[in-house]
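Each chain gets a letter, A, B, C and D, in the order it is written, and its residues are counted from 1.
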Amino acid sequence: MEIELGRGKRGRRAYTFDDVAIVPTRRTRNPADVSTSWTIDAFTFETPILGAPMDSVVSPQTAIELGRMGVLGVLDLEGLWTRYEDPEPLLAEIASLPAESATQRMQALYAEPIKPGLISQRIAEIRAAGVVAAGALSPQRTAEHYETVVNAGVDLFVIRGTTVSAEHVSSSEDALNLKQFIYDLDVPVIVGGVGTHKAALHLMRTGAAGVLVGFGGGAASTTRSALGIHTPMATAVADVSAARRDYMDESGGRYVHVIADGGVGTSGDIVKAIAMGADAVMLGVSLARATDAPGGGFHWGQEAHHATLPRGRRVAVDQSSTLEEVLFGPATTADGTTNLMGALRKSMATTGYSDLKEFQRVDVVVSPYE
Amino acid sequence: MEIELGRGKRGRRAYTFDDVAIVPTRRTRNPADVSTSWTIDAFTFETPILGAPMDSVVSPQTAIELGRMGVLGVLDLEGLWTRYEDPEPLLAEIASLPAESATQRMQALYAEPIKPGLISQRIAEIRAAGVVAAGALSPQRTAEHYETVVNAGVDLFVIRGTTVSAEHVSSSEDALNLKQFIYDLDVPVIVGGVGTHKAALHLMRTGAAGVLVGFGGGAASTTRSALGIHTPMATAVADVSAARRDYMDESGGRYVHVIADGGVGTSGDIVKAIAMGADAVMLGVSLARATDAPGGGFHWGQEAHHATLPRGRRVAVDQSSTLEEVLFGPATTADGTTNLMGALRKSMATTGYSDLKEFQRVDVVVSPYE
Amino acid sequence: MEIELGRGKRGRRAYTFDDVAIVPTRRTRNPADVSTSWTIDAFTFETPILGAPMDSVVSPQTAIELGRMGVLGVLDLEGLWTRYEDPEPLLAEIASLPAESATQRMQALYAEPIKPGLISQRIAEIRAAGVVAAGALSPQRTAEHYETVVNAGVDLFVIRGTTVSAEHVSSSEDALNLKQFIYDLDVPVIVGGVGTHKAALHLMRTGAAGVLVGFGGGAASTTRSALGIHTPMATAVADVSAARRDYMDESGGRYVHVIADGGVGTSGDIVKAIAMGADAVMLGVSLARATDAPGGGFHWGQEAHHATLPRGRRVAVDQSSTLEEVLFGPATTADGTTNLMGALRKSMATTGYSDLKEFQRVDVVVSPYE
Amino acid sequence: MEIELGRGKRGRRAYTFDDVAIVPTRRTRNPADVSTSWTIDAFTFETPILGAPMDSVVSPQTAIELGRMGVLGVLDLEGLWTRYEDPEPLLAEIASLPAESATQRMQALYAEPIKPGLISQRIAEIRAAGVVAAGALSPQRTAEHYETVVNAGVDLFVIRGTTVSAEHVSSSEDALNLKQFIYDLDVPVIVGGVGTHKAALHLMRTGAAGVLVGFGGGAASTTRSALGIHTPMATAVADVSAARRDYMDESGGRYVHVIADGGVGTSGDIVKAIAMGADAVMLGVSLARATDAPGGGFHWGQEAHHATLPRGRRVAVDQSSTLEEVLFGPATTADGTTNLMGALRKSMATTGYSDLKEFQRVDVVVSPYE
């Protein structure tokens, strides 16, 4: 896979989900016999889907709705819900901003300080509904807020940045010692993004229960043109899955869950992520498309309102189905944006597999989308 | 051809018809000396073309017209013609639906139960005209309706699903035992779709007279974005043709016909399908473009009205030539959509071949379409 | 270069001009020191350019103008000029036809029989002006009209079809024996198109003075979608140039000229054709863009009005420069469509070469156009 | 990397910046700890950026502004500023020309002779402001004007053509002997463009302090379609960087700076240029986008007004940020066109590097932009 790019500089060929497809084999199966459940730590979910910690995807209310449908909705603990008592009007305002001023207004809205009291309150709201409560902080703010989060009784703790490394070097700040931090915590931690075998292996050694594969990818991000950084997802998921196997060996059996986070826009992409080795996928735009998603027809990530270096955009999304229709159908369109779980089930049945773990071995071909 | 996609995950590079082209060699031939006939079981046809079992392509009337022109039209025995006494007004309604409601209305129309009496009646209508009668069922409904079909005197029986395997596993239903079924039947069976060498070999061992290569491909399908499944046709046809040769060896000489079904939109694609090893091609959209095709300017497959997981679309098609002009010209346009047989004949003559079996050996280059 | 497309079917990767580019090396040269002349048989031209035998490119009048500028204009002896006494009004009519009826009307216009007397008259007109007279027939009509052409005093005889082979097989007609034909003729013959090493070698053995590389390619052709045939030009020119070298060896020194015919749309393409080994290029659309080209703002080939299988289109072309500006500048645009010879000269100087034969050795990189 | 393009003709696969991306590894770093400074000869700059010698990018006034921000602005000494006493109205006129006549009017404006007195005056203006003064001549005019330039007290002398070779052959003119010229000069010289290892090595041996990698590339150039010449930048920068290392070895330690010049349109491209081995980048369109750039919303190179062979275009550029915002932010858009240095700093930090020299070793993947 190493290619000579020029004298003295080599690089690997890496593949996106669009570059690959899965292929049926000689056996088919009844979709009703297929299981799509996955288990992380003490928690079992009927669908291998997480709602991404983005204000356009997960509010406390959607976290509860998703939880009742077997999906783990992760609340962004640095978003509008922990900065404002009532963010509903602000979400509506963002959805009504003209394109040319959206970045600037969002930079202003997200300049409001985070309130620890609101962190506690949002987690409590989700817990009160009886679903698994999960919240996300960035690595930069984990040290500052994690005690609030844990004391509020979060069930799963997510540390999510564009890149999270096991070793962060800084001369001016006390860098978070991930290993010590996770060791001291009673709550299971999911951490990422990460895109390579070596970096994933180092993250797994910190004791994380799961790692997020990706680098601020997906529909709302312009990371590649701004930073020159790109994590082709098919290759990245396969590499990190290989790290999971290698770490299982070196740790004497600890299984760290691999969650594809970025570039998953259709049910076909969910299928391919698992085919490349993912245990679950974190969805952003796919859920933001629901009529009852908090983004009100728009989708954006934290990069979109970075104070000095915005690297994403607020993107408009079509909204025509409810969250339940997006996840479980019935689909009324044919483009892989509704009945995501029905499509996954059908794809597994058509290729003859009965559970997600087996399905990670399905055959793949390389055939770039025209 | 195996590529490392990431650590521990490899995939084959697979090619579509658009990736390849045929090349002339040192000999040319007079088109009048070229034969395009093919024979399956007791039936010989002057053209290596089958009309796909889709309501927009084959009605009882077009099956008869096609038969008289040397084409095998296959009627969909689960389409409107076996659900309604008079489907003409419904075909007209589908052609007039606005895009946003087409999927939903089609789902409703196709919810009407299939009437065994209509199956018998439609086959009888075709037989009465003196042409070869062929009808198709899905694997799911073959057990329920096959006796009706056989008793009605069908000449060729087609079992066509998105993927058909020789081994279907189900805990809740009695799966069709294809081998036993075909053995018991007096009528030759064509079965598919299939996309790999191994799956094709297993299907050939069931006793089928022909296999369909493809996976719900073609203009009307969004299988790849919904299911993540894709069967690049040039590679698939070559693989299944190799299975034909291997099966001929292991069976002591039984020749199973390979029929490309999907991704064949122009006369150039017909040429390439045969160049990759196909004995014949099944056409959908290419025939739906005729002014006398039943779709009335639209084309759709069974995936388009699946009750919970529609994966195709009703697509509008340009209609400017009759079925006869589409097949035999004179062409009045220059884009490979009319005079399909004239183009095949010209292509065979230009490269110096005199029959289809020889033409399967023509040289091919890889040069993706810009 | 052989790729496995599927089990049992392999194909070569072949390259178009768009896939490649030339690279400067360590030496540069003064453009004034560069020679672009080429010699075929007894005729030397200051530019390695031929005007294609197409009614939109070469009329008797443009053949004369081109000849005075050092370009060999080849008249189509089966075009409007040998079918009609005065084709000017018909050329104007073609230029005014609406797109939807152009193919049909052109089929009708070209159904008019060829008049031998007009063949003689047109060649005489060109000769009378004192420039080299060249005319083209298709292989199908060469036997019928060649005596008229030779008797009219043509200097160079061109036999041009979509594919011309040294061995044409026909049961119903007397195929032209190219070798005998060329041997008997006193006039040097250029013949093509051809696209492979082996076919070119066979053509060279017929005694041709030059071969045309291509297969009805270029802007006006839809050969690939209609016939599935494609001749990626960079690879084809290199292959035929290798045949030139091999034939020179086996013939004891006879040099057959290689002329790229198709896919040459810009001055950059001319540069690449020669870089891949061509001695000269035949231009269609590049010359049809001139304000004084006969096409009146349109361009079409013989495939566009084939009676039963049209495979080209009449395409609209921008016209803003005269033939002289197109060829020698000054360029007033920057897209490679004007000052073709200035660009070739500059490109040769920038890479340090002084004549065309040397320039065939320039370094090439593979880097597909985005 | 050598590919057989056809019999007897091989070429290397070469890569553009769009073909590659960098990948994070296991370490991250605080952006505040990252150094982006570079030093050439006696001059140290805080940013590895040069303003290209183009009238739309660098005027005497912008050279001064850029210098104060740590950027080396290079004045085109053959542009409007050395042809006219007051070019401001002419710049405004160019920005107001309609597209169809822009090339012709620019040809006329640039036909005005260069005034040596104005060369001296412009350099003096820049020096007077206390910033490093750099000016560029083409190789063709270096002999004529260099004494004026040196006497005016230029700090860095740039010789920039589409291709500059160490060996220029001419029968009619005295070619510049680069080696002698540079040896005799007291001022450090930057020379280019160059695109290959061998040509770069020859240029380095002339004694140049830096070489420009590129060939008139970038947004404003149509070199590829006009000349057939293309220098895929990722490969070219890697090759020339390898020449830098080889020359360092053969010269006993002389370090020649490698400056990517062309194809650098976004901050992501700057990142990739350095990742492939560049010490600095020369920016054209990226700076022309500033509201205070001299082009007034347009960008053009010298090829755009070549008297007989224009090969570039005057292109319209969006202008919404000041030069300072373009370079250092805050960014208000998300597409890699603003806060270039912030993006570079973030990219270096995310991948764990602390200075530019180290960052040249960052991992790269091949994954073409869709």
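Criterion: contacts are C-beta pairs under 8 Å (C-beta built on N, C-alpha and C of every residue); 3 or more make two chains touch, one makes a residue touch a chain.
Owing to the predicted nature of the structure, the values given are computational and were not obtained by experimental measurement.
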Q) Same or different: do the copies chain A and chain D touch each other through matching residue numbers, with over half of them shared? A) different
Q | Chain centre separation in whole Å, for chain D relative to chain B (CA means) | A | 57
Q) If you average the Cα atoms of chain C and of chain D to get two centres, how far apart are those centres in Å? A) 40
Q | In chain C, residues with contacts to at least two other chains | A | 13-15, 235, 369
Q | Touch relationships between chains, expressed as pairs | A | A-B, A-D, B-C, C-D
Q) Of all residues in chain A, which touch chain B in the complex? A) 1, 13-15, 20-30, 32-33, 197, 234-239, 241-243, 245, 266-272, 275-277, 329-336, 339, 342-343, 346-347, 350-352, 363-367, 369-370
Q | Residues on chain C engaged by chain B in the complex (per definition of touch) | A | 3-16, 18, 103-104, 107, 162-173, 175, 194-196, 198-199, 201-202, 215, 222, 224-232, 235, 303-304, 307-313, 369
